[in-house]
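Accompanying notes for the structure given below.
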Amino acid sequence: MAEPDGVVPGVAELDHDRARRRGYPEAVYCEGKSPDQLRRIATALAARPGDAATIFTRADDVRAAAVLEVLPDARHEPDARLLAWPPGEPDPTGGLVVVVCAGTSDLPVAREAELTARYLGRRTELVVDVGVAGIHRVLARVETLRAADAVVVVAGMDGALPGVVAGLVSAPVVAVPTSVGYGAAFEGLAPLLTMLNACAPGVGVVNIDNGYGGGHLAAQIAAPRAGGRMG
Amino acid sequence: MAEPDGVVPGVAELDHDRARRRGYPEAVYCEGKSPDQLRRIATALAARPGDAATIFTRADDVRAAAVLEVLPDARHEPDARLLAWPPGEPDPTGGLVVVVCAGTSDLPVAREAELTARYLGRRTELVVDVGVAGIHRVLARVETLRAADAVVVVAGMDGALPGVVAGLVSAPVVAVPTSVGYGAAFEGLAPLLTMLNACAPGVGVVNIDNGYGGGHLAAQIAAPRAGGRMG
Amino acid sequence: MAEPDGVVPGVAELDHDRARRRGYPEAVYCEGKSPDQLRRIATALAARPGDAATIFTRADDVRAAAVLEVLPDARHEPDARLLAWPPGEPDPTGGLVVVVCAGTSDLPVAREAELTARYLGRRTELVVDVGVAGIHRVLARVETLRAADAVVVVAGMDGALPGVVAGLVSAPVVAVPTSVGYGAAFEGLAPLLTMLNACAPGVGVVNIDNGYGGGHLAAQIAAPRAGGRMG
Amino acid sequence: MAEPDGVVPGVAELDHDRARRRGYPEAVYCEGKSPDQLRRIATALAARPGDAATIFTRADDVRAAAVLEVLPDARHEPDARLLAWPPGEPDPTGGLVVVVCAGTSDLPVAREAELTARYLGRRTELVVDVGVAGIHRVLARVETLRAADAVVVVAGMDGALPGVVAGLVSAPVVAVPTSVGYGAAFEGLAPLLTMLNACAPGVGVVNIDNGYGGGHLAAQIAAPRAGGRMG
Amino acid sequence: MAEPDGVVPGVAELDHDRARRRGYPEAVYCEGKSPDQLRRIATALAARPGDAATIFTRADDVRAAAVLEVLPDARHEPDARLLAWPPGEPDPTGGLVVVVCAGTSDLPVAREAELTARYLGRRTELVVDVGVAGIHRVLARVETLRAADAVVVVAGMDGALPGVVAGLVSAPVVAVPTSVGYGAAFEGLAPLLTMLNACAPGVGVVNIDNGYGGGHLAAQIAAPRAGGRMG
Amino acid sequence: MAEPDGVVPGVAELDHDRARRRGYPEAVYCEGKSPDQLRRIATALAARPGDAATIFTRADDVRAAAVLEVLPDARHEPDARLLAWPPGEPDPTGGLVVVVCAGTSDLPVAREAELTARYLGRRTELVVDVGVAGIHRVLARVETLRAADAVVVVAGMDGALPGVVAGLVSAPVVAVPTSVGYGAAFEGLAPLLTMLNACAPGVGVVNIDNGYGGGHLAAQIAAPRAGGRMG
Amino acid sequence: MAEPDGVVPGVAELDHDRARRRGYPEAVYCEGKSPDQLRRIATALAARPGDAATIFTRADDVRAAAVLEVLPDARHEPDARLLAWPPGEPDPTGGLVVVVCAGTSDLPVAREAELTARYLGRRTELVVDVGVAGIHRVLARVETLRAADAVVVVAGMDGALPGVVAGLVSAPVVAVPTSVGYGAAFEGLAPLLTMLNACAPGVGVVNIDNGYGGGHLAAQIAAPRAGGRMG
Amino acid sequence: MAEPDGVVPGVAELDHDRARRRGYPEAVYCEGKSPDQLRRIATALAARPGDAATIFTRADDVRAAAVLEVLPDARHEPDARLLAWPPGEPDPTGGLVVVVCAGTSDLPVAREAELTARYLGRRTELVVDVGVAGIHRVLARVETLRAADAVVVVAGMDGALPGVVAGLVSAPVVAVPTSVGYGAAFEGLAPLLTMLNACAPGVGVVNIDNGYGGGHLAAQIAAPRAGGRMG
């Protein structure tokens, strides 16, 4: 293969340097890529042994099948629409990432966040179905929440949970709005605005349904620090 | 005066029949009316003794002065931008309306709601500064909240409070979003959407900064019922 | 089953305490839940006899089938996308809830509101096809409307009906916008805004197409009151 | 003056041909024009005797003064922010234009519509303060409304009135939304959408607060027709 | 059939009085109605001979088939998604309605407008593919445009055509925005706003893709007038 | 064929004069046109030999097949949803157009832009997968970018690339936002706004996903100029 | 002064390298900068003789006075809110930029565009008051428009002019929407969308009221080219 | 004073417990509070010695004067609209917070972020005027950026800088959009969306112009950790 390492001609230029530059591996966003393009990207990855796991996000069944055709031993988590290759998770370092999921319908995004944080090297814990409509459910988990070095809160509808959680803990809260809800949620706009307007400081917001982004940011926040951040 | 009773020629047609038809007096919305128009409306009211109090809402200093010029004994509550004439509150009947105010900046709207409910004949109680960022402040008031027959919750920014309150009480919650907040609150759009998407059922939403509407709806909900609603 | 009562591990934490806390049973929002998750939730319900009926909302054919597989005697109202188990409606208490439906296309949402109010224990009456374009149709129903302790008005397109109804009755009006209409209705945004801006006070608005929320709020408003609200 | 007739060098090119081409004189939109530019436009008009009246719209006090400086005999209607020169109204021809104003705060826009229709040669009638919150007020005017060849309905807040009126008459309804209302009216967006979504056919909508446009369209609709439209 | 004339129990209340009250027959909006509901409405119509034609709008193939099952002799124009029963058009009276279509993709909406105007009793003419990108195409049709008593202009994308046409004719222009266009047309929002902001007065705007509403309003504008409008 | 040259009766009026008037051939926008309409347009084209290539844009598989049925030798580029007939590209004149594609998912739009520029007579170069998240990738291409007479930058998500490129080159940048991205990209709204707000001057923005428009504008910018533009 | 050349400590880092890197001088955007900051920036400029003129944009009276205090010989064009120092315009090279202004109220933005193009070294011509409502005014200027190497079209309200102009010329059109118009123009959103959706290809859009950006892009398009773009 | 500690009757309930509960002191948001309310809050603070500094944010001149009247030794930073009392900054612990400011007009927000981080106990560094239009300015600061434990990036207009910075560092980036920019920035909406859609992971977004929130979140991220987060 005459192309420079990591270049898939006419398709993508993999950023192998990224792990060294930023400390984290790149992910392949599958939505909008054709199965054929994904097969070519997977092939380029397979030709390059020794790297940390690459994550494939937003992979529906057809796209996941294309990746698995080339990388049959990849780990596939259909509910989170995520694949990872090589499949092994790294040994955890740094702090704990707690992922909180407001409702059952938000689970796919929450799981994507949790798996992302794990593949970036953090310990994680998942707390499900603790919406603010029953505030006692949140309060019952305060101990777990306060053990976290970073909390990811995934919520649709009113998106009120991150602000409530941020008022209970000292760790930063990463808020992930989802597109779950009735019409006036406007595909996630409502919880997005709620989270941006959270009364409690300490909430950083990422894109709608972007579990990958939420897990990544939380993993960075909870990364090990010894002397310098990268130490 | 040759005009039919309650008509201010070329300006307004007062709805004297309203108290009989709906059980509640009309209010005069001052915004957008000129001081001169308000003086003429006040004069028409003064010519008609014996009615229940009429409320003037959204009256800035200039408009309030115009009303007071004609009706010097009117009650004026500048912080709520409200006047009432005749000034006396009716004897309370029906249930209790509790007005909850998330932050100090929401107070003018909360006060407008409270006074409206009183002039429509309800007992009221005002609870201030209990935002969700410190959820313990809300929980400390649960007893008061549960005593209410209708709760009005006034909140800007993330507007998360009505949903939390609705999860704690069995009475209906009237949610009033305010235009208080940073840029992404978009003049009240953010809390409005939050309230419409409240996870807990039992929340009815009114217009942004519309304390009058919130207090009116709550007064209707808490109205006395004996046999039939109007009994 | 070692799990605490009502917990479906990794899926949902049923809020059995809710009936006691708020006086109303919880509902299961089916949209966004997988058929398998719904089967597990239904199984947890089936294991817990003696409760009031649980409502399943927004259940399309596939999800309804999943629930019926586990709870074959559940009541299923396909047009309202609703199931209830146990199927029996409670004996009605409190006042009358009148549900008004502006157009035939709004019927599914109106029916969801009506059934919800019934399962929460209210008598209901349904009035169909009375849009403001033929105002005489509304006026012909005034007697029915004035008999209500709470009126639910379901309307798409211009959403003008709740404001007109509120001007005719003394009971509170719960307005439910629907996503029915031409392009500039923007999936329910237009009637939502109309209802929030209703000239007549006494209108509380819930989410777009949220018949469940509308019926619930109306049932709370019309709940029996003897001495205190919960009496 | 060497410039071609009607050209104000570097400022405006008056469309003298318009009356002949379209049958209606041009108007000067004052907002955004400097007093000096308006003086120069007025001077160009003054130099050209014999034309039908030109209307100046959206003229605040400063801009009106600039026009009056050059054309002291112009008619000035401050409440409608409108001037006309020469001041005389044409003899009316064609049908009747009825202008309906939902609330007192909408009067400036309604007056602009009425005066525009008159200067375009129609008879007009103005009906004030007939919002849908008291539907009996509208019904009391049905006879007047049915006498119209074109009805202009001016309304802010929920903007529901045009749809109700259109359901009562056979003449076309021109709907003019205004920026009057609480926050969720979003400066006229709410009534604009309501009017576009009116359930009753026969409603044509113009821009927010555009009384001039509403009056102009109504005058065209009610124009005399003998054989052909222009006859 | 014990029901009052025109009532389809639990589905619709046909407005037989409408022709007498407004001078125009009612239309049945098919979107959102089930095939079964349409069959029942068609059956009610069939039971009532002697009326003017009823129009069924927004009827996709499935819904059209349901209507045709009951009313096999109905006229069906699939491209306009419209049916009419009885099929015969009335003899034309009043003026001429010219329907102008900016692009080929706007044809379905333009045809719906044209057929509506015909069934309401007007002569019509259809002009296709005259977008402003080739302004000479518009100018070549000026004679036809000036012959109209009402012009309907149907356009998507930039929606600029109605303003250009309004500047060329003295008759009122009814503007119908369509959802045709690239992403930033936002499903018709862009042409809608353009039309509302048309520089030339004389443009009344109806809902996005609402050919029925556009044709109806134009038919009203071009209706015969002798003495009074309804004469 | 009795119709004037280029007219497809009732469907389209081809603008043969366009090449002479503007210097560029017309394109056929296929979205919203039926396969039958496209066959008729293709037939009209086939009847008129000797022209420059006509481009068919936004042609999905069904529509492409309709065109190919009539013009079997047309060039079809499925990934760009584009056809051209006659298939031959013109000999290039003028300057170089460089098309930059931020991510793999943006490739279809970028390819449409590139092919359009070629069929309008420019040399092109395509640079892929150079998003701002790895700024070194952009910098590595500066030499290519600076060789361009016009740069087309195609990007979704944050749409930040055009502003960065404009800061590096002296040639004009044509920015094409795409609908690629997570929820808060709102179908291309986010990158559209970013591009309009680019800090670096020299960026002209076209419609979302409008590769045709981007390539066309770039081809005009890079057109040969000798003396006058049209020389 | 120990700071590196062009650095205003704690305020700005002037980009002296820009002329060399991009071929154009930097501009100072005054809005949001304090008078004191502008004085410090002006002082830094004054200390650096021999450069091409720097443009100060969006300078209201207070900010312009601050600049003139330090650079009293700067050219100040108040209507365009622009200053230039040194005041001399460069000798024109390259092609002709024609700036077209739809209405008088758009003049400030049009003048900003024209002056910017001049200070970047182009010949310019300004055409005023040629809105599409009188299409003959546009057609009367076709010769001038066709002489341009780049056309800047400045328009508010419906923003239809750029699309019409683009259909008449072969040169690229730079479209500048303005915030001029009635309420539904939404501060420039309406003309912005119109321009992005222009039916005629060849239109590149810049930010609302951004005359500077429009003039800059046009100057780049009309820049001299001999062999290579920068030659 | 009989009131419980920290309660300002009818105004605010200070959250003294907050430092213990979350590890950070509360701030007083001044916007929307009256000078009198602020004086009462300041008085309550003054009565409670020994606490960490309280920050007053969004204090315009009038509100700042009210606070200084009661707390004359408070530190006042007018450009950041911030006061702190007691004035002393705590001794820094934890990591370094670097605040990056895209343009001079964004400085007030950037300064608010920096001061907030300092009063929460972090070392800070401020980097100004490094917008993406001159990407070399950003690259010249990479060393500083990489030394940070948290980076706050403040930007208006296109808001592209946070995504570029996140691609260069491994520390989390807190993005603060500002309301600086031309019309299509829509008061900060454009940079807000850009930041939420940043291609590079690792960006958490806060509210528009919310320098306080940005500095607070960064301070939490860079907080000292020894064993557990709170250790």
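In order of appearance the chains are A, B, C, D, E, F, G and H, and numbering begins at 1 in each one.
The working rule: a residue touches a chain if its C-beta (ideal position, glycine included) is under 8 Å from a C-beta of that chain, and two chains touch if they have at least 3 such contacts.
For each chain, UniProt lists the protein as follows: A, B, C, D, E, F, G, H = PurE domain-containing protein.
From a predicted model like this one, the values you see are computed outputs, not experimental measurements.
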### Chains touching both chain E and chain F
G
### Query
From chain D, which chain is the farthest off, judged by mean CA positions?
A
## Note on the structure
So, in whole Å, the Cα centroid of chain A is separated from that of chain H by 26
### Summary
Taking each chain's mean CA coordinate, chain A and chain B are separated, in whole Å, by 45
### Message
Where in chain B do residues touch two or more of the other chains?
### Response
103, 134, 167-168, 181-182, 184-185, 189, 192, 196-197, 207-208, 213
### Message
For this structure, enumerate the chain pairs that meet the touch criterion.
### Response
A-B, A-C, A-F, A-H, B-C, B-D, B-H, C-D, C-E, D-E, D-G, E-F, E-G, F-G, F-H, G-H
### Query
Which residues, counting only chain H, touch chain A once they are in their complex?
21-24, 27, 95, 147-149, 167-172, 174, 192, 196-197, 201-207, 212-213, 216-217, 220-221, 223, 225, 228-230
### Of chain A, residues touching chain C in the complex
103-107, 126, 128-130, 134, 136-137, 180-185
### Touching residues (chain side chain A, partner chain B) in the complex
102-103, 131-135, 138-139, 157-160, 163-164, 166-168, 181-182, 184-186, 189-191, 193-200
### Query
What part of chain A is in contact with chain F in the complex they form?
10-13, 15, 17-18, 29, 31-33, 37, 177, 179, 187-189, 192, 207-210, 213
